[in-house]
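You will see chain A twice below: alongside chain B first, and alongside chain C after that.
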Partner chain A sequence: MIRYFARRLAFALVLVIGVSSATLMLTRLAPGDFITESLGTGASQQTIAQQRARYGLDKSIGAQYRDWIAGAARLDLGYSMQYGRPVRDLIPERAANTAILAITALLFATLIGLPLGVITGSRRGGAMAGAIRAASLVLLSMPPLLTSLFLVFLAARTGWLPISGMRSATVPAGGALIDLLRHLVVPAAAIALPLAAMLERLQAQAMSEVIRAPFVLATLARGVPQSRVLWRGALKAALRPVAGVYGLVIGSLLSGSFAVEVITAWPGLGSLMLQALRTRDIYLVAGCAGAGALFLACGTLVSDVALAAVDPRVSDLRTERA
Partner chain B sequence: MCRQLFLAAVAAICTIAGAACGSNTTSNATTAGASRSGIPRGGELLVSVRSEPRSFNRHAARDTTTSLVSNLTQSRLVRVNQATQAVEPLLAESWTTEDQGRQLTLSLRRDVVFSDGHPFTADDVLFAFESVYDEKTGSVLADSLQEGGKKLQVSATDPHTVVVTFPAAFAPGIRLLDSLPILPRHKLEGALKAGTFRKAWSLDTPPSEIVGLGPFLLIEYQPGQRLVFTRNPKYFAKAPDGGALPYLDRVVAEIIPDQSAELLRLESGQLDMMTSEISPEAYAPLKRAADEGRVKLLDLGVSRNADAFWFNLKPGAFGEDPRAGWLQRDELRRAISMAVDRKLFADTVFFGAGVPVYGPETPANKIWYWPGLPQTPHDAAAAKQLLASIGLSDRNGDGMLEDAQNRPARFTLLTQKGRPNLERGAAVIRDELKKIGLTVDVAALDAGAVIDQLLHAKYEALYFNADKSDLDPGTNPDFWFSFGSAHMWNLEEKAPVTDWEKKIDELMARQIATLDEAERKTIYNDVQKIFYEHQPIVYFVAPRIYVAHSSRVVNLTPSEYRPQLFWRPETVAVVH
Partner chain C sequence: MTRDVGAALVALALVAAGAAPIVAPHAPDSHFSQLLNAPPTIVRLVDAGGRWHAPFIYPWRLVNQLEQRYEEDRSTIAPLAWFSGGKLLRSSNDEAPLLLLGADNYGRDVFTRLIFGARTSLALAIASAFGAMFIGVSLGAAAGFSGGAVDEVLMRATDFVMVLPAIYVALALRSVLPLVLTPGQVFALLAAIFAIVGAPFVARGVRAIVRSERRLDYAAAAEALGASDARLLVRHLIPAARGFIAVQITLLVPAFIIAEATLSYVGLGFPDAVASWGTMLHDASTNIRVFADFPWLLSPAAAMFLVVLGVNLALQDAGTVVFAESGEPRRGVKSGS
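Entry: the complex of A and B
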């Protein structure tokens, strides 16, 4: 088991280095740089040359990469050109904001998607199951961009919730936690609704197969109440496909949802990376990409652990391989 | 499973609670009331910005948000009134011009103190110039505070008198001082001497360390969320009724990267004003909101800048490319100017909210715009004749033009990706030129890449913004002089390449040297005429500028230039 985790850790390390290195090189190779973007038209060639030298952009790509990777080995990811702060400091504060959003959205999606999947998967017909299926299909076909625009519009029209941001400038009555929760509703729902629909569809598919399995039929034949069979035995057996994608979902959510974070002005990793890409802040882009890769690697690990928890056969197989 | 979900829920709530506890509460202290002139005092103004500041030090960055922070927290010697174009006193209460425009003597206000109580003197003005010209600093303001590539000489004759000497007679000299924030020597001299001035007042500097002469003080910066300012009780300027300025107690600048979200917040009352104009596509929904009384929509007139189309006129830029024979010809540019229907352009690109322009100035420039400039007619037939005169005609009957060797008349037009006005404009140019037989391939790149191609002269034609920061042509020498870094069609020429550029150089040299405003105007009309005849840049349409604000914002002095409603922040007030 230890060897298995060591292998996964090594894989995560290679993934992070590979992704951040490739991002750094590609961003550097594209025409234009932070200086041309920030100085705009009209700056003299002399000024541009001075500024490039200041940020090390006058070095060759190879030399720049060598310096960066040497720093990264010491956990020094370089300085953000636009913020004038170490990338190492910028990423954790934004990643924490993204984590708050991602965990809340995941929680919403799980609490909504899984039970609904059990309902639709265990009932062949009925108006309720039909309505849930239809709603899921609509939500699945809507990208988070559209969902967030719709929810922002709704919040603006009703005035019930803040449209954007993470906290109010002045802490309102009710305290900081209530303020944060109110700000969370729109972005978390924008991410959670399509995700809940996906989980519902996966769970329903798995459930419809499991309830026809011999062990379920045998349990029912022994007179165990149907609800108990569904929500205990059958649910656990049907969780495998969901657990398989769960880790990937966690990884991608923690990497930051560009569209939702930008539209709802959520100060997370996604909006930070988008801003870094726009301004060609290469060290920050590489740092954000590396953080995203790390989250993805952790997500797949979580996925494997979750899969092992719901399916002992997977756990046994991995122990044998290790 | 239930236990796992429960644990996950607890973990999430703990994370959220932890983050929430990290937030700061802010004071609600107010100076609420009304001035003797009836303008309300106190209250909070909620404005939006599209991006985070890059620094709290104006010398380190020139982005819009850094400029806004500087305008709120720092002051300058003088300010160009964006509504009237006149220069008005700020820290300098008066000035005289001597030595035929070479020398300015400025009398500074007395009894002015920085926000920490330290007195402001001429020494701080000298420090401001030292920092802008310091080579280690590499200030982004350095280029704009030079004349003919040379630094200004500054000295202080006493603690309240500063003498600024220009390398040569320079009529609009006083206007240059509008761009220089006066920073406190007592706080930043150490950083300048240590060669770390540029890094001083970076984003991780505690706001309490930032000291200024501006109307507001930065009290909080929440990365990715907002900047919070409170009124500077020591601000020197007074209202016309003698009362203290600024009127507002607090300004909160919310960072909202997306304009749709910005507009929705404005419409729903969660925002008071934006610090930029609204895009043409946002006009219709905002007009509805204005009709319903939810916002106020202002038409500020025509923009001072029109997006610009130009060819690469650097000699040898096309190497052995046979198209070099016609791509750099005046006739081609004149034909293009005639071929594009400016009415159609305004309707398509700006949804009708634009006016045709034919030269480098738009009607927004009330002093320097020349109504006598000829107006290019929309005439496709005449355009084709002009193209025929440079050897481009339809030789194979396919409706498209070819050169003398039967090669298609085709070029690539580069523009900026993600700017709808530019992308739509490039598409209109492509479609209009197709009608006269020219094939245009539009390529859209991000801004940095476009500027990189421009700097390396690796483009055929560009449709981009060539904005001028000030309305006085004398303050835009980089654009007009052939050696200028903003001489877009051929940057930083060693010597004028063409006779007409040489003529413009001569005229502009006279234009900035003379102090006679009427003569300056006459000379500039001649410059515009030469420019029109050769059209190194073709202008089509200048958009109208619309801005919106909530109905509780009062005492505004709108200008079509950014930040349209907030260039004079100390006089803005809110009804609360």
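Entry: the complex of A and C
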């Protein structure tokens, strides 16, 4: 068990370092750098050279990478040229915003998707199961890019909810928290709805397989009430395949939140990285990519722990195979 | 029944895209400078006086230049003509163009661009899916057939690509290349990026199938009869994965449609002059009034939804859930309907 998690941790570390190094290199190799993108064509050769030297862009790619990785080991991630601030100060705030969005969405998707999946998975027919199934199918066909456009459209038409940003310019009546929650509804729902649909389908499939298992029949025969069998025993057994996909869900959460962040102007990691890529702010790009990878690594680790908790066989199997 | 509806939606999109020059009433870049952001023209049968006609439209008249508000000009009727001038349906009056989904910021017909955009978006998605199939099947078959170190390395690599958030990878790869490329170059580049990001999903399943099929008697028999490794793979083992591959490809197409739209939306896909569903949404997003006043500019989003829904309905039982714990395919294609 411990060996298994040690391996997972090592993988996470490799992922974070690999991803941020790769993006740093790629962005460095790309045509144009921050100086040419920001100063334009009018600048003199001397100013350009001066600016490059200031940010360490005049060094060879090898030297630059060496300096960056040496700094990164001391948690110094370099300097954002665009913001004029250390990358280390910029990332946590944006990462926290993305985390708020992603975790809220995941929570809602789970709370909505799993119970509905139990209902549809345990009933063959019926109007309710049919309606849920149809709604799922529709939502599955609306990835976050489309749900966010649709929800922004609804919110703009009705004027019930703010459609962009994370906070109002002035704190309205009701306090900052209420204001934040109101801003959170549209982007979080845009990610949560398709995700809930996916979880519902998975849970339904797992559930319909589990309820045919002999132990369910045996429990029913012993006189345990049907709802108890369904919501305790069968649900627990059916959680296994669902827990297995959470690792992949975390990845889709980040991808989904990118589109949503751009459309609803949510100040998260995705929109920061897009901006950094456009201006060739290389240390910031590497920092964002590293933070994204860290996110993923944490997510997969948590989902692995969850999986091991639901199904003790998993950790043994995985260590064996690895 | 629902599967037929899904197949019909997909077929409709493909036919419309294929026959775009005929289906679309205008050329994709023709501007109507008097009709910036004009709303959809309503096809009518009964005129203002209560008389019946063949289908016709009223021309739009600008009533407020600043707010771009339009009113129907009830004094003239523009009858619609079928199969005239090589178009399926168009207005017989050039002053009153048929705008089934309104006009955009530049006065271009949104319906026309939607149909031509379908060409770009669908062609890119399908080309990328075939690219992903080619790479995925090669890698998966190689890993599953040889086993050992090759298998280990290839599967770790696919693990790595799969765990990354796909859109970030596509974004990073796209943005490090020059921003200004010709549409053809963008097409090739995006297809290559999507193929690489999508390939692992195909590779894992193919590997699992090749591995398990290889142990079966028929594979052993073929080998005993002297079939070479290449023949065994190409003639026997890869065909065994046919159903899985078909489902995977069909599932990748919607994902790639959305990926193109996302990249073009943020300005890293096709240049604005090219009509694609993503660039149309990008154009729409530059106008702050789009949600409240010009919702027809969002019709590419509706088109994407219908195509993705069509694919999902058509594949309803075959591949809604593709990942079991091991990444092996859970279900094959159901035969018949």
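Here, the second predicted complex is superposed on the first by the 297 of 322 C-alpha atoms of A that agree within 3 Å, B and C clash if a C-alpha of one lies under 4 Å from a C-alpha of the other, contacts with A are read in each partner's own complex, and residues count from 1 in each chain.
Here is the rule we go by: a residue touches a chain if its C-beta (ideal position, glycine included) is under 8 Å from a C-beta of that chain, and two chains touch if they have at least 3 such contacts.
Quantities reported herein were computed from a predicted structural model and do not represent experimental measurements.
Trainee: Following the overlay on chain A, give me a clash-or-fit verdict for chain B and chain C.
Mentor: Superposition check on chain A flags a clash between chain B and chain C.
Trainee: If you count the residues of chain A that each partner touches, which comes out higher, chain B or chain C?
Mentor: Of chain B and chain C, more residues of chain A lie in contact with B.
Trainee: Once the structures are superposed on A, label A:Arg201 by its partner contacts, choosing first (chain B), second (chain C), both or neither.
Mentor: A:Arg201: touches chain C, not chain B.
Trainee: Identify the partner contact of A:Leu181: answer first if only chain B is touched, second if only chain C is, both if each is, neither if none is.
Mentor: first
Trainee: First (chain B), second (chain C), both or neither: which does A:Pro241 touch?
Mentor: second
Trainee: Now for A:Ala265: first (chain B), second (chain C), both, or neither, which partner does it touch?
Mentor: first
Trainee: Considering only the touch criterion stated at the top, classify A:Leu137 as touching first (chain B), second (chain C), both, or neither.
Mentor: second
Trainee: Have a look at where A:Leu26 lands relative to chain B and chain C in the superposition and call it first, second, both or neither.
Mentor: In the superposition, A:Leu26 touches chain C alone.
Trainee: Just to be sure I read the superposition right, which of the two partners does A:Arg85 touch: chain B = first, chain C = second, or both, or neither?
Mentor: In the superposition, A:Arg85 touches chain B alone.
Trainee: Once the two complexes are overlaid on A, one stretch of chain B runs into chain C. Is it 440-448, 458-466 or 530-538?
Mentor: After superposing on chain A, the clashing stretch of chain B is 440-448.
Trainee: On chain A, which stretch or stretches are contacted by chain B in one complex as well as by chain C in the other?
Mentor: Dual-contact residues (chain A): 30-31, 149, 152-153, 156-157, 163, 262-263, 274, 278.
Trainee: Spell out the residues on chain C that touch chain A in their complex, using ranges where they run on.
Mentor: 160, 162-168, 171-173, 175-178, 254, 258, 261-262, 265-267, 281, 285, 291-292, 295, 298, 301, 304-305, 308-309, 311-313, 316, 320-321, 323-325
Trainee: Which residues of chain A touch chain B in their complex?
Mentor: Within the complex, chain A contacts chain B at residues 30-34, 36-45, 47-48, 50-51, 54, 82-85, 89-90, 93-94, 96-97, 99-100, 103-104, 106-107, 110-111, 149, 152-153, 155-157, 159, 162-167, 169-171, 175-177, 179-181, 184, 235-236, 239, 262-268, 271-272, 274-275, 278-280, 309.
Trainee: Under the touch definition given earlier, write down the residues of chain B that touch chain A in their complex.
Mentor: Where chain B meets chain A, its residues are 1, 4-5, 8-9, 11-12, 15-17, 19-21, 23-26, 28, 44, 46, 51-52, 54-55, 60-63, 135, 138, 140, 142-143, 198-199, 202-204, 222-226, 228, 252, 254-258, 260-261, 264-265, 267-270, 445-455, 464-467, 478-479, 485-486, 488, 491-492.
Trainee: Along chain A, where are the residues that touch chain C in the complex?
Mentor: 15, 18-19, 23, 26-27, 29-31, 137-138, 140-143, 145-146, 149-150, 152-153, 156-157, 163, 201-202, 205, 240-241, 244-245, 247-248, 251-252, 254-255, 258-259, 262-263, 270, 273-274, 277-278, 285, 289, 292-293, 296, 300, 314
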